[in-house]
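You will see chain A twice below: alongside chain B first, and alongside chain C after that.
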Partner chain A sequence: MDSVYAALVEIVGQDYVSTRTEELFTYSKDLGTSEPQWPDYVAAPATAEEVSRIVQMANEKNVAVVPLGGGLSLAGLALPLKGGIELDLKRMNQILELNEKGRYVVVEAGTSHGKLTAHLHKHAPHLMHSEPGAPPAATIGGNLAIHGQGDLGHPYGFNSDMVSGMEVVLPTGEVCRFGSCALGNSWYTLHPLPDVSMFMGWSGSTGIITKVSLRLFPCKKIQEQDAFVVEDEELVPDILYELTHVGMAEDMMVVSQEIPPPFNRLHYILINISGDSRKELEFKRQLMFDDRLSKYIQDGTGGIGAGGQEVPRPVVSKTSDWRKGGGFEYVGAIMPVTTYPECYKSGVEISGRHGIPYTTLGRVLGSGHSMMFSWTFAFNRADEETVRHARQALHETDEKVLELGGTLWKPAVFGQKLLMDRMDDGTLQMMQKVKHMLDPNGIMNPGNWEVA
Partner chain B sequence: MALTQYKYMDIIHRCFRCGYCKFPLDWEDVDNCPSYARHRLESYSNGGRLWLIRAWITGEIPWSEHLADIVYSCVACKNCEEKCPLSFSDDIINMVTAARNLMVDQGLVPPAAKKYLENVQLHGNPWGLGAKKRDQWMADLSLEPYRDQEFLYFVGSEGAYDSRAQSAARALAGVLQKAGVSFGVLGNTETDDGNEAELLGEDGLVEVLAEKNIARFAEHGVKKIITLSPHAYNALKNIYPRHGGEFAVYHYTQVLADLVRAGKLAAPKLAPVKITYHDPCFLGRWNNEYKAPRKVLQSIGGVQLLEMGRNRKSAFCCGGGSGNYYMDLLGGSADSPARIRVRQASATGADVLAVACPNCLSMLEDAVKVEGLESKLMVKDISEIMYGTE
Partner chain C sequence: MFELQFDESKCHACVTRDCLTRCQYMDLDAQAAGIEMEKIISGQDSRVLHECRTCYACEEYCPTGNHPFYLIVKRQEELGITPLPDPIIRQGIQVGVPFRGDPEITEINGPVLNMGVFSPLARLAQGKLFEDLTRISTDSRKMHHFFCQLMYLHFARTSVINQRLPGVIETISAYKPTEVVHFHDECYGTYTSYAPAFGIEVPFRSIHLFEHLYNRLTELREEIRPVNYKVAYQRPCSSRLSPDAHAYVDKIFDLIGAEHVSRRYVDENALCCGSTIVSQKQEGSRRFCLELQEENIEDMKQAGAELCIFNCPACMQTMGKQVAENGIMPIWMSDLCRMAIGETPA
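Coming up: the complex of A and B.
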């Protein structure tokens, strides 16, 4: 018997290891436009200890290990580019501690965002976490490994800014904790110890996140969505500046898309607000619309598109069905808010050139310190030509992002190379040193963030 | 080589594999798909399964026994269809069944499925027991053969042959008699309803079974049918009309709920007891009947009805659908669906796990034993509770 297979069976049990074509095929596929990459093994550990043993064994055998959460990055970041062991972490899904007064929750990294939302709804309905726009099967650990953002991005920034503690299995198998939990204390803060956390944004190439403490935030009784609409994209940065000045929103996104027609060439600034009373909501609306946006209404350049709508749970999967084809991928980039007009125009232009209805979205992060801007390209999985067009559009957009002064978020390997080509030498060398120090055998998600 | 005769080639590629299909309605966890809950590998989620089916259809991967096991391990509980947000969601089970159609046509089904279908074809029941023994469940009961009574009581294969389900079949007969319902049975002339044969992809056999049962119903002038099993209820109500069947079909809990409401059936009075109810997939998600069983249980004196977190449209399947109560492709693990389900039931603090399906009855009672919960949790069919079966 293959010694790696035998070792995996010994560690996680026969049921949770496979070298059969069906599992290898399934894990060779990403949901986006990436070409398939076949693993040699699939394993689904249930504990950090099992992960650690697998990683130690993989070092001994010099086999690659690729951690997988919900598998929803769309950019092929958990594909086994150099074969090896695909490590499905979704059995590590326990919610370990909910500290209401301390406003944090400790979870295993394979816990889905949907599960955490349901758990909070049931056990602490006055608390919430920042849920990404991804399908609810996206995992907490996976989202952090790519520096995800969510629906509390405006007040609190990236989801990876909301971590109060973390446990990681290093590429050599040691289990490390970061933050107050490293002292044996509760998992209430990541600071102020020396910053040795080098795992977020690395797409699992420096270690496997196994436990996370996430900050929780007040969840108000009433949550509603308003929409402010403008036709001129040049106005959007100023409007966002006005809105972030008063800081009344929980989430702010600007959406423009060709389909459905009412969104075409218009910019819907979707503003999620919350309150424990109608009075609180009205106060917030007064500050935003009466005090800050009335000038746009008065001069006829903007208007309230909707008010007091129920906040819909994002169903991003529907995007995959726009071409009745089961697929889409997007370039997400972290951009200065001021670049919104150029971002939007480039989205229209690139999409049009590839025969894809344009879809753009900007989500405000922090007090307008940046925005995550996405250019989405739907394709038909059964029509290779549309996949090719989408892939090409993604590459062109990656390049456009850098031209506009942006930074690619969770880039695929193509985008990683673009970024590293432009990266300052000192930073590149530092990345290389970090990678070599933590992963001397180069087994951890190889092919990602590899400095040439 | 592409299998061009696959019926859903125009939509199967539209599954994005986003994972909604694994959740219950309240998003509690990604474990409400029975085969995924059992195996926890993406290949066993319905998204993974659809991608594998498409790969087999297009020739990207070859058929294998393991592929057939994956395709047949879907228990057709329809949880995926409840949660999938895309417009083709109503066809998810149809896409799986269509792949099974092709496997049947090519003789590529798992051995257990093959045996199941052979037994039904040769003997009219999945266990291959003699057709002449079909009426033994009622040997010591004085039940009338169907002539022109108001209802035909369609017992189904499980009620007729499975020793645990026979108790429910007998209890239901007793309850109907107690309520003065005019009914008769077909005895040995009844045959398998074909619900599972359809889901296993053997359309030809379904046609034979449906035509045989329909001919028998027509011969006797049957107008109204009561079924013990939700699987039979589904077959007679939704499959038989395609084969010319014209009659009204009721699951027995619907009839009992009406009898209780009309004052024609006095529900028993029990010592205080906590009961939790398990929604069978073929009554619930397949046929949207969630109220009648609960009304019956609520009519019983002394009953405190406790709901499991996963109930109604979010109910977690026992794992026995689509012939798996016989094939057992999801057994052999603490994560076998029936074992998960009885742990969920036990967590409510209930004394009794009530069911309204003979398959669920057998599956869950076996799981209670394996979990060592016999002293805490009894599994009873609603018919047994209404009849007072100990």
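Coming up: the complex of A and C.
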């Protein structure tokens, strides 16, 4: 028997290891345009201790380890570019502690956002976490590994800004904790100890996140979505400035897409608001629409497109696939809000050149400190020509992002190289040192964030 | 292109000027109304073109059936005086663009139920009350081919209606219906009021949903058990185009044992649901709309209504939740009728 396989069986048990072709096939693909990449093994550990033993064994045998959450990044970030062990963390899905008064929850990193949402609805309906636009199967750990954002992005920023503690298995097998939990205290804060947490945004190439304490926030009784619509993209940054000044929204996104027709060449500023009463909601609406946006309404350049709609969760993934064949992938980038007009126009231009109906979306992060802007390209999985066009459009968009002064979010390898080509030498060298210090044998998700 | 058949002499001879003096949203006496109407007729700017809430009611108030509302909308478009912001108009116009292929049409040669642009609500048209009708426009991907376009009266865009409507009529006619029951008041108003007013030929016979429901309930009279609810009715704007059909509301309520509560905002005095008012350019429109809805619902409550009956999806969408939060159950007219014959509401 293969010694790696035997070791994996010994660690996680026979039921949770596989080298069967049909199962490796499943793990060789993600939902985007990436070419299949086959792992040699799939293993599904149940504990941090099992994860630790696997990476120690992998170091000994010099086998790559690729951690996998929900597998929904679309950018091939959890595909085994150099083979090895695909480490499926979805068995590590226990909700370990819910501290209602302290407003945090401790979960295993393979816990899905959908499971956490359901748990909170049942056990702490007055609390919520920031759920990303991905399907509910997206995991907490996976989302942090890519610096994800969610539906509390406007008041609180990135989801990775909402962490109160973390446990990580280092590439060499040590289990480390960060924040108050490192002192044996409860998991209530990540600060103020020295900052040595170098795992978020690394796509699993510096360690495997195994436990997370997430901040929870008030969940009001009524949650509704309003839409403010403009035709001139140049107005969007100013309107977002007005709305973020008021600070009444939980989430703000700007959507424009060719299909369906009502969205074509228009910009829908979707504003999620919540309140424990109609009075509270109306107070917020008065401040936003009557005080800050009335000038646009009266001069006819902006209007209330919808009010009091139910808030669909999650939203982003549902709006993308308007083409036969069920495929889409997007470039996400963190952009200055002021670049919205250029981002939109480039999306229309690039999509048009590749015969793809354009789909763009901007989500406000913080008080307008930045926005996540996505350019989505749909393709037909059964039509290689449309896949090729989508792939090319993605690459062109990566380059456009950098031209506009943006920062690629969860970039695929192509985009990672673009970023590192532009990174200042000092930062690049530090990344290299961090990577070599933590992962001396280069076994963790190799191919990603590799400094040349 | 089609032209509004408007008889100026009728207006010149009018003494009461009901179209504007009875308006619930503008305050004009007969003299002022006459002056403003003359301006509108002659193609000049008028405060009415700016202040109109597009509730359609003046179509009903006009004692001579001279289509004052269609004229107001036509002038708004000609003079570029739009009640709604430009992006909302563009959004609205694009709503009606079909984008998922053409409908598959087979000849029916019998009565049909036209769901119009509300295919997702086809579940409301089920049971004994609808069993003899073949439904058309049941595929939400293709429903825009059946969209009557009348909504654009709120958008100062008779040109869009006139451009698209002949194609919609052609689509429905292709089914070879012997008669068309329209699910929505708006469709019925389009084919029985708007199209004739603009000289657009409609080759099929239209029947209002309420007339159909009343006739079927009459046929099923033996099965009716009085519902014994006190009900209010939210009259939609497009019902103003077919006041004759509105008479069926009370006839249906009487037949099924529903008590239509006595209240201020009923029949010709009905208040608009506010679905477009909320977005209008006039200063304070959003707040005005809310106050309008609150006044309307308070009137229902004071009258002791247990249910609020809707027929228009836009009214239901706009006011349904608010009505429910005030302790009055929102319910579709078709569901109420189905309850009366022992069926379970959709």
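The criterion applied here is as follows: the second predicted complex is superposed on the first by the 445 of 452 C-alpha atoms of A that agree within 3 Å, B and C clash if a C-alpha of one lies under 4 Å from a C-alpha of the other, contacts with A are read in each partner's own complex, and residues count from 1 in each chain.
Criterion: a contact is a pair of C-beta atoms (placed from the backbone, for glycine too) under 8 Å apart; a residue touches a chain by one contact, two chains touch by 3 or more.
Quantities reported herein were computed from a predicted structural model and do not represent experimental measurements.
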item: Three-chain arrangement built on chain A, chain B and chain C clash or fit; value: fit
item: Which of chain B and chain C A:Gly114 touches, first, second, both or neither; value: first
item: Which superposed partner A:Phe25 touches (first chain B, second chain C, both, neither); value: first
item: Chain B versus chain C as contact partner of A:Ala6, first or second or both or neither; value: neither
item: Touching partner for A:Val229 - first (chain B), second (chain C), both, neither; value: second
item: Partner chain in contact with A:Leu96 - chain B first, chain C second, else both or neither; value: neither
item: Partner chain(s) touched by A:Leu72 [first = chain B, second = chain C, both, neither]; value: first
item: Chain B versus chain C as contact partner of A:Thr301, first or second or both or neither; value: second
item: Once both complexes are placed on the shared chain, angle at chain A toward chain B and chain C, C-alpha, multiple of 10 degrees; value: 70
item: Which of chain B and chain C A:Ala137 touches, first, second, both or neither; value: first
item: Between chain B and chain C, more extensive residue contact with chain A; value: B
item: Distance of closest approach, chain C and chain B, by C-alpha atoms in Å; value: 11
item: Partner chain A, residues of chain B touching it in the complex; value: 11, 13-20, 22-23, 26-30, 39-43, 48, 51-52, 55, 60-62, 64, 66-67, 70, 85-88, 333
item: Chain C partner contacts - residues on chain A that touch it in the complex; value: 229-231, 259-267, 278, 282, 285-286, 289-290, 294, 296-298, 300-305, 307-308
item: Footprint of chain A on chain C - complex, ascending; value: 82, 84-88, 90-92, 94-95, 97, 99, 278-279, 281-287, 290, 321, 325
item: Residue numbers on chain A that touch chain B, as the complex places them; value: 15-16, 18, 20-23, 25-27, 29, 31, 42, 44, 70-72, 88, 90-91, 93, 112, 114-115, 117-119, 121-122, 135-137, 315-318, 320-321, 324-328, 380-382
